[in-house]
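As written, the chains take the letters A, B, C and D, and residue 1 is the first residue of each chain.
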Amino acid sequence: MAGNSFGEIFRITTFGESHGEGVGVVIDGCPPMISLKTNDFVHDMARRRPGKRLSDTPRREEDKVEILSGVFEGQTTGAPITLFIRNKDVDSSPYEILRTLFRPGHADYAYYKKYGHFDFRGGGRSSARETAARVAAGVVAAGVLASLEIRICAFTLEFGGIRAVNINPDLIDDDPYYCPDPAASAQMEEAAKMARKEGDSLGGIVEIHVDGCPPGLGEPVFDKLEAELAKAIMSVGAVKGIEVGAGFEAARLRGSQNNDPLAPDGFRTNRAGGILGGVSNGDQIILRAAVKPIPSISREQDTIDREGHGAKIKLKGRHDVSAIPRINPVLEAMVRITLADHYLRLKVMRQFVDPTV
Amino acid sequence: MAGNSFGEIFRITTFGESHGEGVGVVIDGCPPMISLKTNDFVHDMARRRPGKRLSDTPRREEDKVEILSGVFEGQTTGAPITLFIRNKDVDSSPYEILRTLFRPGHADYAYYKKYGHFDFRGGGRSSARETAARVAAGVVAAGVLASLEIRICAFTLEFGGIRAVNINPDLIDDDPYYCPDPAASAQMEEAAKMARKEGDSLGGIVEIHVDGCPPGLGEPVFDKLEAELAKAIMSVGAVKGIEVGAGFEAARLRGSQNNDPLAPDGFRTNRAGGILGGVSNGDQIILRAAVKPIPSISREQDTIDREGHGAKIKLKGRHDVSAIPRINPVLEAMVRITLADHYLRLKVMRQFVDPTV
Amino acid sequence: MAGNSFGEIFRITTFGESHGEGVGVVIDGCPPMISLKTNDFVHDMARRRPGKRLSDTPRREEDKVEILSGVFEGQTTGAPITLFIRNKDVDSSPYEILRTLFRPGHADYAYYKKYGHFDFRGGGRSSARETAARVAAGVVAAGVLASLEIRICAFTLEFGGIRAVNINPDLIDDDPYYCPDPAASAQMEEAAKMARKEGDSLGGIVEIHVDGCPPGLGEPVFDKLEAELAKAIMSVGAVKGIEVGAGFEAARLRGSQNNDPLAPDGFRTNRAGGILGGVSNGDQIILRAAVKPIPSISREQDTIDREGHGAKIKLKGRHDVSAIPRINPVLEAMVRITLADHYLRLKVMRQFVDPTV
Amino acid sequence: MAGNSFGEIFRITTFGESHGEGVGVVIDGCPPMISLKTNDFVHDMARRRPGKRLSDTPRREEDKVEILSGVFEGQTTGAPITLFIRNKDVDSSPYEILRTLFRPGHADYAYYKKYGHFDFRGGGRSSARETAARVAAGVVAAGVLASLEIRICAFTLEFGGIRAVNINPDLIDDDPYYCPDPAASAQMEEAAKMARKEGDSLGGIVEIHVDGCPPGLGEPVFDKLEAELAKAIMSVGAVKGIEVGAGFEAARLRGSQNNDPLAPDGFRTNRAGGILGGVSNGDQIILRAAVKPIPSISREQDTIDREGHGAKIKLKGRHDVSAIPRINPVLEAMVRITLADHYLRLKVMRQFVDPTV
């Protein structure tokens, strides 16, 4: 009801605030007998961590994931899995100003109108720090999907107006912007440098590819796979748009151009982005997410205080120049969590279906 | 679990197939004492009905909504409300071909892989006919929102590549394409005529404005208002992309451009599209949905049969040239249902909050 | 939220009022490929139907189940299954008195306080007529469980103070009171005759045995199998108590008496009633439900009107003398629905467990 | 799906194992602006703590509740509230025997059949230690109900076969067995002493009274208040039976005896136990729970090992002689949580109802 849970069978509930004790997640509905160790989280948590790029905030957190429940002798037990990431390095004093002023582009004003009372320190519940719990949950989701050999990759298609042109998937992991085009990546670094200098921030577009997804995931009508993925991805703070396959381009195509013809060896094109009628068709799933520039900028901005009087606000502290590329592993995690849930849902639906089909 | 329900408190479950007995919806969680009569459905059902435009299929259905439960002496009682729209005019013979062949761009292939067995006649559960139940549910949702004087309008921003330029909201209701620009509308009619002649279909972009929405709707984290609306709208078959406010354009803006400054008399700009941190901020909510060309075209297409052999398919019968504008009232209904659910959710959250805030 | 749904994966939502169009149920989450025909409902609906016994109301309804959706060519499709039982023989005039007076022992007073407005004719939503939809849903649940050869039997252990002593399971189906002891059954008939003559009603105890249930059904903590069954059974209007295995007797035993020792060939005793730690252990599941005398009696009773003034009420029409034995197939249906849901839930949990265990 | 959550709006999810890091609970859907401090938990946690009675295990835990999220400056914020109770004093060595043997009366056998793999140390997830999280959640629920002045009291009606006769509610809190009859309490102490000496355990009956509950709580059909309370209470490990109002006695009454007549100043009797048609009627709610003797006894018992071979088991360590009275505050917590959820659900349902009714 209060929106902190996601998934029907593989169900995650995140909790925690940016400047409270920490952030965490309870995963209920994870089957037993999946290998899970503290070490499994290190790689993904590191990818989300700041500090590798000029565009990152210098706040350094170890982001160590503690397993509080649900794992015994290195395996899941079927009991709820609780993961907790303790907050460190939390100086809340720069946020005292939020006791009176609303930051433009942030949740502050809307939260105040809704709750009357909220933990504003560091953005509290609306902080991107909450996504650390999602990345941790994504690691468990990966365990559920392990036997399927699904590969999920969220790369930077566009950043600060610069678009990747030559897509080389092999370069993504090592690129500081998770960009598949080194030339574009170098320009992105320049754009980031400039924006930081000017006390401003940048947005971009992240494209997500899912390879190896079997047909059948997604439920018709409201829980169509693209609807679920749209929700999963739009639930990440900075995302303001989402499209699947040809997306907004499809609006300009004719049916004869947009339909993907079937052939004995597969679909001839993939404008559907791997989903038909809300159900995966076995082809590559293609998504694109529009990421807005992060609202925390060093420039002075117009705002109002809690009584509605006009005011100026100038945020202290240093912030990321962009949600990209730290958002990329978060989007991957959300896709992973969505697929894990739908994979288990598919298993139920196929109980009595001829398994040779 | 099987994806036929939407909403947490105001919860709808649709059922029924295109060529079965009919389509319907059960609404559970609707409070009592809301006026509801059979007549209330006539206007919205008529707007979704085919036949007004050259682009429409000539299939004529009365789409009369029967109230099977939950209403007594013209008012809701708090019991589940069941609405049923009986199918008429159902000749399933043109669909016999689907017993062997998959239609490109349709759910057929994916459904077959998922279920092994499905009601293919008229698209069955994946048919746009299912959306008649959503429109009916939207009428009940309007009753929940009645005291708020929220106005929801889905208009055609683009159709077959033609974009509305001069937006006059007053013209939308009477325009055959729900287009706010009469000159563009005339060109849309031409484009539809041409596409029909060529046995092809068209897509477009629908923009949705919500005026009068109070602040506070939407739950942080996973049930952010934009995430819920994205799911609601992407769950309508033909939609392949969704954006809120500046949307994909925001990806190219800087923070200083994208942040909406607050002033004593409201926000100075509205790039956020009326939602901050997942919660409505009281400003106009702005959404845009990319609608693909409908996959049913008269041209011959390449496909395969259930055994995987190559084949040609040529669909009989006449179909709409585009999901637009019949999809517009469906999208309005989905927005209305989402807002009704979140309005009731907000009521819970504000139980103990100072009501003067 | 409004309590008309039951089950997590195999999820039923009932709707309809006693004197409205009819009662029905939508079942979402039923896997495809289960045989289902209109005929399948006849036997169970007949068992719930009145008219076979002296204790029954003479109102005769055919209780024909219409399948409105979700079945194609005699098999479930995975789409929501809607079953509808049209009301006939509905003379609402005897209920006009409920516009002002509350019937003692009925929902009237509490509904009025809750809703302000409700369909009082025939009890509306609180009528036992709603259970016809449950019995219909139970038939679909039986299809889900078909491969397990589970046998569920609800028999009359006690009626009007008369207790079955010599339990012969083979006699239950043909006995007019679903009583396994013919001598007791004859006395029950006498008691029913007497109560009817005196314008009064009777209660009793129904015992339910489930044979052939595999181990593993039920989820620890809140969805323990006994907790779910308790809810399922207590949700049937007339039930005021429920116990599993030794039940209230267990409160007087010592651990050494109540623990069921394990032996290589199974449990030596079954005081647990087939459930340990909330999970079925493979032994017979044993439940007992206390059924109160139905509140509709012909005698004059003290009550109040909607304004709170004292009044006398004397109900017209004829009513069942007892909810037993018509409630028995309803309780069986609720057990079946609960087990079907938990069977599908177990399948998810055992995805990665060594199948030889 | 996996059964670790309870409630629809006020929704709790417990996690943690007896001998893991600790046990905890996430509460989602708690409205903001409710006062909550670490100190608020002390009283209730102390009541559940062992050590006050001869019948208790000597294991001593501080059971300090940490607030990990959702509270800011001493008030709830509307964000998920996470409460954590760290385990101390955990010597798991006595449980090594469970790697091979199943304890009679415990979850071990059923868990093994279900999961193949589970944390058996101290009973893991099936341990009564999990209920510490419920008691903590109950404190938050009390905050939701604060304005209603509802009083919930679970007292010991029967223990080891000894029944309280003279009920003096004022004595309950201070009695070591939460028994309202001092003479009976003294006998209970004797019975406990005897059972402990003989290495055995005892059960009993707990009666629960709810005073001050307003009418209208509970949803018709499946979420009837008695059904929800039955589930809530049966979900506590040791409970094997539950009845409301006259309960099993009602099965022997006639309608004319069991119906509670209404009078201008309230109900004349209360055989319904405060609930009509699944909805609270404003009268005292009365429940009784049958508590089995705890299965951990020092005597040697027959059992089998994981391979199915016969064996003897003799449990080491000292255990409580009975779940009573430590279970009493747990049952109170479950009632409180259920009422808090239904109170918020009622608020939704009454949105548009004339508030003077």
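Remarks
Here is the rule we use: a residue touches a chain if its C-beta (ideal position, glycine included) is under 8 Å from a C-beta of that chain, and two chains touch if they have at least 3 such contacts.
Keep in mind that what you see is a predicted model, and the values were worked out from it rather than measured.
Taking A-B and B-D together, the pair of chains sharing more C-beta contacts is A-B. Ranked by separation of Cα centres from chain D, the top chain is B. Distance from the chain B centre to the chain D centre is 46 Å, each centre being the mean of its Cα atoms.
Distance between chain A and chain B, defined via averaged C-alpha coordinates, is recorded as 26 Å. Counting partner chains per residue, chain C shows two or more touched chains at residues 1-2, 4-5, 8-9, 14, 29, 32-33, 78-79, 114-117, 125, 220, 348-350, 353-354.
Residue ranges of chain A in contact with chain C, taken from their complex: 1, 9, 29, 31-34, 78-79, 220, 344, 347-354.
Within the complex, the chain C residues that touch chain D are 1-6, 8-9, 14, 102, 104-117, 125-126, 130, 158, 161, 195, 200-205, 215-216, 218-224, 226-228, 230-232, 234-235, 237, 240-264, 268, 272-273, 275-282, 290-297, 299, 301-304, 308-310, 345-346, 348-350, 353-354, 357. Taken in their complex, chain A has these residues touching chain D: 1-2, 4-5, 8-9, 11, 13-17, 20-24, 26, 28-30, 32-33, 66-70, 72-73, 75, 77-82, 84, 114-119, 124-125.
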